[in-house]
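Both complexes shown next keep chain A, but they swap its partner, so chain B is in the first and chain C is in the second.
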Partner chain A sequence: MTGRAQKALWTGALAVAAVGYLAPLLFLVAGAFKPDARVLAEAAGWRAVVPVGASLHNFADVFARVPFERYLMNSLWIAAWVVAGGLAVNGLAGYALARLPFPGRRLVLGAVLALLVVPFEAIAVPLFYQMAWLGLRDTYTVQALPFVANAFSVYLFYSFFLNVPRELEEAARVDGAGPLATYLRVVVPGARPVFATVAVLTFLTQWGSFLWPLMVTVGERVRPLPVGLAAFHTLPPRMWGDIFAFCLMTAAPVLALFLLFQRWFVKGAVDSGIKG
Partner chain B sequence: MADVRLTDLSCTYPDGTAAVRGVSLAVADGELMVIVGPSGCGKSTLLRMVAGLEPASAGTVAIGGRDVTDLSPQARNVAMVFQSYALYPHLTVAGNLAFPLRMRGLPRAEIARRVAEAAHLLSLTPLLERRPAALSGGERQRVAMGRALVRDPDVFLLDEPLSNLDAALRVEIRAEIAALQRRTGTTCLYVTHDQVEAMTLGSRVAVMEHGRLHQVDAPRALYEAPADTFVARFIGSPGMNLVPARLEPGPEGPCLRLGAAAVPLPAPVRARQPKAEGAAGEVSAGLRPEALALEGPGPRLTGTVRAVERLGHEVLAHVALAEPGGCPPVAARLPADAELEEGDGVALVVDVAAVRLFGRDGTAL
Partner chain C sequence: MSAGPRSEARAGLWMTLPAAVGLAAFVGVPFALAFALALTDLRLGSPLAPRFVGAANFLGVLADPVFLRALLNNALFAAVVVPVQTGLALALALALDRPLAGMPLFRALFFLPVIFPFVVVAVVWELILAPGPGGPLNALLTLATLGGWQAADFLRDTRLALPSLMLLSVWQGVGFQMVILLAGLQGIPRSLYEAARVDGAGPLARFRHVTLPGLRNTLIFVVTVTAILAFRLFDQVRILTQGGPRDATTTVMYEAVSAAFDRNRVAEGSAMTVVFFVIVLALTAAGRRAVRHAGGR
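Our next item is the complex of A and B:
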């Protein structure tokens, strides 16, 4: 086989795979705009991804039936707190582990690495009782606070900061910067890619979080999107067009964020030694 | 401006390695002191201890009469130029120059004035808006110098600032640094492994090896009267030849037996090295390459030419001596027209008045 034919074969195979991966997403987008009756009726064929009779009716329906905007704001508010708090806390922790020669550093680093393999589900119930004991059920705090400190983020920051040239920090110290000023004015600006990576990863995890908010929220006041979606799913009458519209509006901010930060995301993942 | 005084300064790492061992050194106000030595001799560690980047295990550092041994780097008012320049990559040249001033909380107008002044002094004005990544090696070096200058520190610390530049640029910037230091009159400690750099820059040069100071002196004194065999070999290119010899008592004072010949020790040598007067026995005769010639009066050392380096204005001949045997080949600096080939037998005439004598422990008599 010639090189050209081989290349064409590969391109064809990859195109088929790409369509395979994209199909559910296209189905979601098309279904969100279709009249409710057509969504499942056309689900089995190629027509599933063609938005025949497109309108915004399903979206209007969602807003009429549930307080979607409330769920959205709740999700954004919680994710913003976890991302902002996470960048501050985990960045400083990673820096301390990479640079400060404090006693027990290796032990702490070992503990952080060990925490990477503990699934959240394993600690969900004890954490629930702890939070309930603190009287935090059904609040924003209970949804954000346990996720601010994150072992994976600490580890990403730690591996990135290990490679920051020491002389930069020493130059800053000689130039009159204290430890915090050195971190904020010299180390952080040089670490924007890893901050962006951690921000995106944290946001994604938080945005899709379901089990914990389901356990700790009661009403609609602090309910985030995934729990709202689950509730909407069971809300009679079951309208698939509306559900698809809800799903699309839930996924859209994540897609937008990824496209916006794609460059940083890849660079940060490479610089910190992980593959994106 | 201030003087720098190091007293019995030592640095031992947690694994027990002693990087600096009991160094005492006084640098006068406005002096440019060069610290030179081979890689790993502790010179950079010593500089970092003055900056406050490395803690002292023992001894004291005083700047301007103030004991700063336990002070943090930012409290010492020193400026440092690093080997890698350590420019802040996210800041422009102007931002880099302004950084130390911002850290000191100076008013904006004052910062702008000082940055403009430093940029003008170092011809950096057209580059102020560029980032370090867009600068050449020489330009980066000048920005690093500017960042040190702009704060008007008590002491400049320079850690091998020219080692990343090519040879031509190194000579040019070396002269710029010397001129700048003279103009500002700021006390300066300059670390290098390059003895040519050390000799051309320093008003005094401190030679270090294995964490110890061997000698602190003016460049000419280091060259002509090295305190020990290490300094003798390290300073000069090529270094001083060390030839085994004997001091023997003679009717009119000590005689030097060098190879087959024995000659009375000339008066200038006896005046420079009074300890040679009563000494007898094995010594090392230190001979600079220019103290060896192909003709003239004086004792001769015979040997075979091992290598000839023709440098244009002179010829360096490396000669394995027949007697005394066992010593490494000696280097002789000969006129450019000297006709020598590898393998030739040769008799080198020694200028005995230029000899430097070292005892068996390696220190000068």
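Our next item is the complex of A and C:
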């Protein structure tokens, strides 16, 4: 067999595997546009992934049955604070730890590295108690504030800045700029890859967050999308077209970001793999 | 003005402060609190002041058959998902690690489920796992076994519920491992393969003597992370089975959250999360040890 035929065969095999593998997502997309009754009725055959009789009816239903726009705004608002706050706070700390000799630096660095081992699940219950004690249940604050400072983000910034050449910064310092001014004017503009990676990772984690908002939110006022979806999917009457439309709209922002910034997603995954 | 060492030290402190305070307040304090609360009899909403009860919560939790079942479920989950997912991810990474025009697209497609929120995936899979011959997975299995498959109620069958959760976790997670392994594969110098080829090594020998040793640390990392993830299992359980049927799918985190949250037993829930953390720590330590042993290569 020639090299080209072999390549074509290999590509074809991969394409078949990819379509099979992604069938659940095709099922989701088709179902979101199909009349409710058809989603379940046609689930068992190839028609499951074909949106026959497609309409936006299910999407309209979602908005009519629950305050979807409220959940969406809540999710966006919380994610915006966590991402923006996280980039600011963790970037500063990562830079200072990598570059500025200050008393206690090694101690802070050691603490950050130690905290990398603590998964959120290990502190969720006491954090819930702590927040209840502070009277912060059912607020945006309780959903965003605990996640702004993030040990893993600090670590990603730290290791990035450690490997950046110092020349530009030293030039700025010679010109009389202080450390903060140097960071903001010289370092940040040159560190786009690490900011993009951290932003994507933070957003992704935050967008899918379920356990914590499930614990700390009560009503619909500050409820984010995953908790809204969990409630919606058991809301009678159960209509799978509506449920899938809700699912698709919940995933849409991350999908759009993925299409636009694919390489930062992959880079984020790989960076999170390098830390071991 | 003056950019001397004194001002650098001061700036360093100020720049670190916000993150340090945040981490101390929202990770450090609750982490310490988990250990402290686990030693009391605190209940949320109870008018009684919490008392110190020593190891009573730990003894109680470790003697609780439901919690032990949860530990067993997590361990089973890890024992199946870790090798299956890693094996599949490695196969995918090897399949994609070649100069094909469509490679970036395929990599993106297999990575796609990773970015979906767990809750969305769980909800979609609830319908895929629907009972009766009309359920997609049932239909597929019937087709694959030429009619030999008896339509099952996956999520309400004590033998099938946990394997169902494993299936959807592998499906969603395999792309993440694949991307990391692919990066690992691309870090192996091509010259090593050439040298092995010159020495007359066939594809299998090259895999054993070049690929596997070159991927060793990446594989250890991927295995450790997946094992830890297996013990963090919560979202899918909450959405799909609520720990049932008959505790067949309950997990450590599910029990911790129901204790603290549904039953207001914060102390008991804290003890469970401490147990959970000890497991995570042990897995992390084992992973790091394995990497160190592989060092010098």
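We take it that the second predicted complex is superposed on the first by the 251 of 276 C-alpha atoms of A that agree within 3 Å, B and C clash if a C-alpha of one lies under 4 Å from a C-alpha of the other, contacts with A are read in each partner's own complex, and residues count from 1 in each chain.
In this text, a contact is a pair of C-beta atoms (placed from the backbone, for glycine too) under 8 Å apart; a residue touches a chain by one contact, two chains touch by 3 or more.
None of the values given here were measured: they were computed from a predicted structure.
Legend: residue contacts after superposition of the two complexes on their common chain; A:Pro126 is shown touching chain C, with no touch to chain B.
Once the two complexes are laid over each other on the shared chain, residue contacts for A:Leu26 go to neither chain B nor chain C.
Once the two complexes are laid over each other on the shared chain, residue contacts for A:Pro189 go to chain B alone; chain C is not touched. When the two structures are aligned on the shared chain, A:Pro226 is found in touch with chain C, with no touch to chain B.
Of the two partner chains placed by superposition, A:Ala84 touches none, neither chain B nor chain C. When both complexes are overlaid on chain A, the residue A:Leu168 reaches chain B alone and has no touch with chain C.
Once chain A of one complex is fitted onto chain A of the other, the partner contacts of A:Ala177 extend to both chain B and chain C.
Of the two partners chain B and chain C, more residues of chain A are touched by C. By the touch criterion stated above, A:Val50 is placed in contact with neither chain B nor chain C.
Shared contact residues on chain A (touching chain B in one structure, chain C in the other): 173, 176-178.
Note for the complex: chain A touches chain C at residues 7, 10-11, 14-15, 18, 21-22, 24-25, 27-28, 31, 39-41, 43-45, 48, 88-90, 92-93, 95-97, 99-105, 108, 111-112, 115, 117-119, 121-130, 132, 145-151, 154, 173, 176-180, 183, 204, 207-208, 210-211, 214-215, 225-226, 229-230, 233, 240, 243-244, 247, 250-251, 254-255, 258, 262, 265-266, 269-270, 273, 276.
Of all the residues in chain B, the ones that touch chain A in their complex are 48, 51-53, 72-74, 78-80, 82-84, 86, 88-91, 99-100, 103-104, 147, 151, 157.
Interface residues of chain A, counted against chain B in their complex, comprise 165, 167-168, 170-178, 181, 185-186, 189-190.
For chain C in complex with chain A, the residues that touch the partner chain are 1, 3, 5, 7-16, 18-23, 26-31, 33-34, 37, 42, 44, 95-96, 98, 100-102, 106-121, 123-128, 130, 133-136, 138-139, 171, 176, 179-180, 183, 217-218, 220-222, 224-225, 228, 232, 234-235, 238-239, 253, 256-257, 260-261, 266, 269-270, 272-274, 276-277, 280-281, 284, 287-288, 291.
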